[in-house]
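Have a look at this one before I ask anything.
Which chain is which? They are A, B, C and D, in the order written, and residues in each are numbered from 1.
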Amino acid sequence: MANKFGNLFTITTFGESHGPAIGGVIDGCPAGIELDFEAIQNELDRRKPGQSKIVTQRKEPDTVEFMAGIFEGKTTGASIGFRIVNTNQKSKDYSHIKDQYRPSHADYTYSQKYGHRDYKGGGRTSARETANWVVGGAVAKQAIPEIKINAFTSSVGNIHLDTPYQELDFSLIESNIARCPDAKKAEEMIDYISEIKKQGDTVGGVVTCVIQNVPVGLGEPIFDKLHAQLGKAMLSINAVKGFEFGSGFEGAAMTGSQHNDIFNADGSTKTNYSGGIQGGISNGMDIYFKVAFKPVATVIQEQETIDKDGNIVKMMGKGRHDPCVVPRAIPIVEALAAMVIVDNIMLDKARRI
Amino acid sequence: MANKFGNLFTITTFGESHGPAIGGVIDGCPAGIELDFEAIQNELDRRKPGQSKIVTQRKEPDTVEFMAGIFEGKTTGASIGFRIVNTNQKSKDYSHIKDQYRPSHADYTYSQKYGHRDYKGGGRTSARETANWVVGGAVAKQAIPEIKINAFTSSVGNIHLDTPYQELDFSLIESNIARCPDAKKAEEMIDYISEIKKQGDTVGGVVTCVIQNVPVGLGEPIFDKLHAQLGKAMLSINAVKGFEFGSGFEGAAMTGSQHNDIFNADGSTKTNYSGGIQGGISNGMDIYFKVAFKPVATVIQEQETIDKDGNIVKMMGKGRHDPCVVPRAIPIVEALAAMVIVDNIMLDKARRI
Amino acid sequence: MANKFGNLFTITTFGESHGPAIGGVIDGCPAGIELDFEAIQNELDRRKPGQSKIVTQRKEPDTVEFMAGIFEGKTTGASIGFRIVNTNQKSKDYSHIKDQYRPSHADYTYSQKYGHRDYKGGGRTSARETANWVVGGAVAKQAIPEIKINAFTSSVGNIHLDTPYQELDFSLIESNIARCPDAKKAEEMIDYISEIKKQGDTVGGVVTCVIQNVPVGLGEPIFDKLHAQLGKAMLSINAVKGFEFGSGFEGAAMTGSQHNDIFNADGSTKTNYSGGIQGGISNGMDIYFKVAFKPVATVIQEQETIDKDGNIVKMMGKGRHDPCVVPRAIPIVEALAAMVIVDNIMLDKARRI
Amino acid sequence: MANKFGNLFTITTFGESHGPAIGGVIDGCPAGIELDFEAIQNELDRRKPGQSKIVTQRKEPDTVEFMAGIFEGKTTGASIGFRIVNTNQKSKDYSHIKDQYRPSHADYTYSQKYGHRDYKGGGRTSARETANWVVGGAVAKQAIPEIKINAFTSSVGNIHLDTPYQELDFSLIESNIARCPDAKKAEEMIDYISEIKKQGDTVGGVVTCVIQNVPVGLGEPIFDKLHAQLGKAMLSINAVKGFEFGSGFEGAAMTGSQHNDIFNADGSTKTNYSGGIQGGISNGMDIYFKVAFKPVATVIQEQETIDKDGNIVKMMGKGRHDPCVVPRAIPIVEALAAMVIVDNIMLDKARRI
């Protein structure tokens, strides 16, 4: 609950962006997995701030430090403790935020719920938390090397990549800073984000994720359907407003005779409106889904807001924030997906006593 | 996990449509709630088959029978056991389904996962399960009479009700069999569903749900954000392919300066793109979200499929299925929402020791 | 939590002795297990009231009725719903209990916690609940036929069976109504219980349980040690006041050089003070433990007590209660042990991805 | 599960004694608690090695470092991350243990379960883990300053403190290194442990714990009875073999008319064989229980054992181990008890919606 994710393969996290460190405990990881630490750091680097001109210019090396659960380079089956020291928590002046509630942030709700709030850098609501998830996901990925998980930017504002994912070359995702596997669309997105940034504004976008080579049978019926677990995971990411898989919202306008996925003799299907999941359980086809991100709430423009006493005040956004979170969200989406898949492989194994 | 929903207010369920009964255990319900049994049955009646010409013509009275946890008409705080006897499990011939996998059903995935499958009426994958949820939700609603939960049909196929929910009269939802609070749109929807039904086909749709009068502070940060819990709940409903709240997928195309909800002096906001939830925690504004339903997979048309040995066979849909599930899904969406809200009121109370 | 037991193989229960039925949901049971229904009923018969002269003379057939999760005699992997109809909830006069708190019962604590209390037959606190567990355990046993679980009466009052369990013939447990595999001790116990009963009094006792043929490796480290799970399970049984495994409280008086279990070449140990569990994980040796039961609180003697207004009143125990619960507790101890073992076999399997 | 303890107030831990650090995440701690860090460190000091002549002479400062969840000295309601750096993990030669299984340790079971084992200092099975629990318990204690939790040494070997706890002065517990509130018994215990130590042997003992000023109503019925939660917690401590509360195993020899706790007019009881818990729920009387610890398995004597290939080998215990763990176990027992109580106060609050 709350700060814990997963059923058998779990991650429990802590951390505020302006405290000494963030980190967590990965529990239930099978023993004997030889970890590639460079690959783990590489995932963090894909998420880290300052990596390109279209993300926040804040600098954090985001170096993960493992404290337990690994012996001679392999997982032991014991819980894996890790942390990422915060190196950028400069003694910035937060007095302007302390008593004011930034619009569309969690300042107001946290203040009301907890009374005592860490206002520096958003405290626990900081998206810095997602670096912890990337660590968990990077470990998870190494437990299931046979499964391919690729996320990419499919929309920024009104710029949409409409090409079916089957026609995309996922090896191009990392070839541009937008993380869009279509060079032309990527350029448009980069230009648009740059423009938005100049205006001191921000913009939302959509991430598409494709999971391939998934065995048949993952997912628990009724309340732990595989797509429901994936949906909950994605809706946990800061700024996410929507999730759809397979035919998604468009499927709602279709008829059954159009939408049904007809079988091939080997159990695969001719179409895949189901998105690789039927009755909550994977059918061996590609799993694909979309995640909608709203624009970042911090804009470098003057806004009206209230302080804790209900006075209307003027506020000017400060700080080095992302004009668009989508490019940095790619490894986060993949990380959560990887943890869901490992967890369900373990659950499925347990069921087959 | 699996057949259990919720954290503190939970429901654990069982049942196949063609077995003796479905039912469940509601656990954690606070003591002393005087139950209105007629209201509970009324919710079941809103979901039951045979209620109108645009739903399945199967007849089931769906009478709930409470077996424990209630004394002198009030909840005791003990677990509430209930069941709904299946009266319609006629000794129908299922031999045509036994060894065949219906397209876009869960026949194939269940067979692969469990080996031994109850093929009658879909077994555990039957949407009849949702009657259990309606019972849980009806009890939950009575624990929080001050909170108003209204769901309605906002799309059927390409017929969309685009009126902002604030301009709708929720008292009209039950005035028509489409459960759309706009008489004209409702008529269009009813006509379209009737037409689709004649063709032996089915169609999807969208449900919108609005939760009003929610206290500030509900929801747990990080992995149990209020909207993530709602999303997971909705994605558990059979046929659901997508979930969005507040600005949803449209919000992904907006800029921060457009999307930010500016505060009024009392903590309420001038706009509500946030959908009543900020940082995963309710802010006191209306919570609203949309749920996309794909078309029902059973069509009364000849389809090609495979049998368990991988032979391509012809199959003709039989049975009395819904041409569109959306009108019957309304009470299900409300029920799950009610359980999530009660659960989070309890969680929030626990946090304020 | 609360009314749910287990991690992956779980049982969630409901029921009061004087309501319409008790029952529950067994969730996570692997698919394809061919159930022997007679064996399940037989376990219930070992627990049922009225079975001998030294137990309560109340008559309940305790017939279990399965409602879901079983198809053609085999488990399907879906949740198993069951109930046991209460046939003995006669319209007895409970007015003497309604406003009074029976000493050493849960009347006072339930009243204070829940406010609204079902006072008939103890409501939810009735040990009738344990019939549900026996159903769960009987199903669990059939999932692990290779594992032998035998519980027996090892003490009644001050009559102790001190023979090491290795020298006992477990096939004699069911040969007498005390369920003590030593005919002479059994007779002493029966005589003593009969005597106590005549006095309108009750007496406590101890159950020993031995689990044999357990694979090496069951149990989760740190907070789900196998013995901690067994201990919690046993401490859930009404009237239990203590749990010890292996050397138990006597081990606390030993030295390390006495207590250490020296290995044989095959990994087995020469002694077994560890009780088959080391570091929380089974080592393949017999698991054995003891469970202490206090005397039943209902005595057919006049006692002083208080009513809800704090008045001191006289109260005379009524009803047909057990003079000693231990003989009927045997199948309950075995049932819980069986569920713990199955659960941990599943957990262990999940860990070995 | 596994490395997580608690329902709402939880602790999730990691760490091996010879890795870089141990630590954990305290989740669900209410916001606004002003932490006394000196008091937290003081609890760790009560547990730390090297504190007296009758415990291990290993030196570890055991300084806790908080990394998150605390702002301006108060808890924020966010998860609290902490760690304790291992300063004593010297590059000792463990080659003698690497391939051998020490008798009555977890070497064999861990090797069999996980395959890949951290053999240094026992890896994850090290009782160093309990320092994490002491941190969690120290925070929990500060959330409930009104509740008094006192544990003390009541037996070492065959030296028993039989005085009823009501006649003891708990302020004397810390007055001697045995942590026994009876000066004479303490001296006997200290002498005996010193003697045992000289022999290179170890000895077990018993801890008694008393929890006072507990509100009525804590505990969940059926499977989360307050004493079952306490029992599971205590059985999680390394070396524990038994748990009893109230009358415990002695109660099993009593009759109902002796054992029943007769009420006073105010709801308190004249005797307290129930141990402050009736039907799993606290009744406001003192909660008291006993925990049995076996002797430490590491003895500085030659023992026969096996290596991983099943060869019989001679082994000589090395290292600086405790001759008796009981004095250092006192703060651990209190810590777990404190976490159980806070957790149940929160659960109880949630139930009273």
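Please note the rule applied: a residue touches a chain if its C-beta (ideal position, glycine included) is under 8 Å from a C-beta of that chain, and two chains touch if they have at least 3 such contacts.
Model, not experiment: these values are computed from the prediction.
Using mean Cα coordinates as chain centres, the one most removed from subunit A is C. Simply put, of A-D and A-C, more C-beta pairs touch at A-D. The distance from the centre of subunit C to the centre of subunit D, each centre being the mean of the chain's C-alpha atoms, comes to 27 Å. As a whole-number value, the distance joining the C-alpha centres of subunit A and subunit D reads 39 Å.
Taking the mean of the C-alpha atoms as each chain's centre, subunit A and subunit C sit 46 Å apart.
Within subunit D, contacts with two or more other chains are made by residues 1-4, 8, 13, 28, 31, 77-79, 113, 124, 221-222, 347, 351. By the touch criterion stated above, subunit C contacts subunit B in their complex at residues 1-4, 8, 10, 12-16, 19-25, 27-28, 31-32, 65-69, 71-72, 74-81, 83, 113-118, 120, 123-124. Partner subunit D is touched in their complex by these residues of subunit B: 8, 28, 30-31, 77-79, 143, 221-222, 342, 345-347, 349-353.
Residues of subunit D touching subunit C in their complex: 1-5, 7, 13, 101, 103-106, 108-110, 112-113, 124-125, 129, 155, 157-158, 196, 201-206, 216-217, 219-225, 227-229, 231-232, 235-236, 238, 241-249, 251-267, 269, 273-275, 277-283, 290, 292-299, 301, 303-306, 310-312, 347-348, 351.
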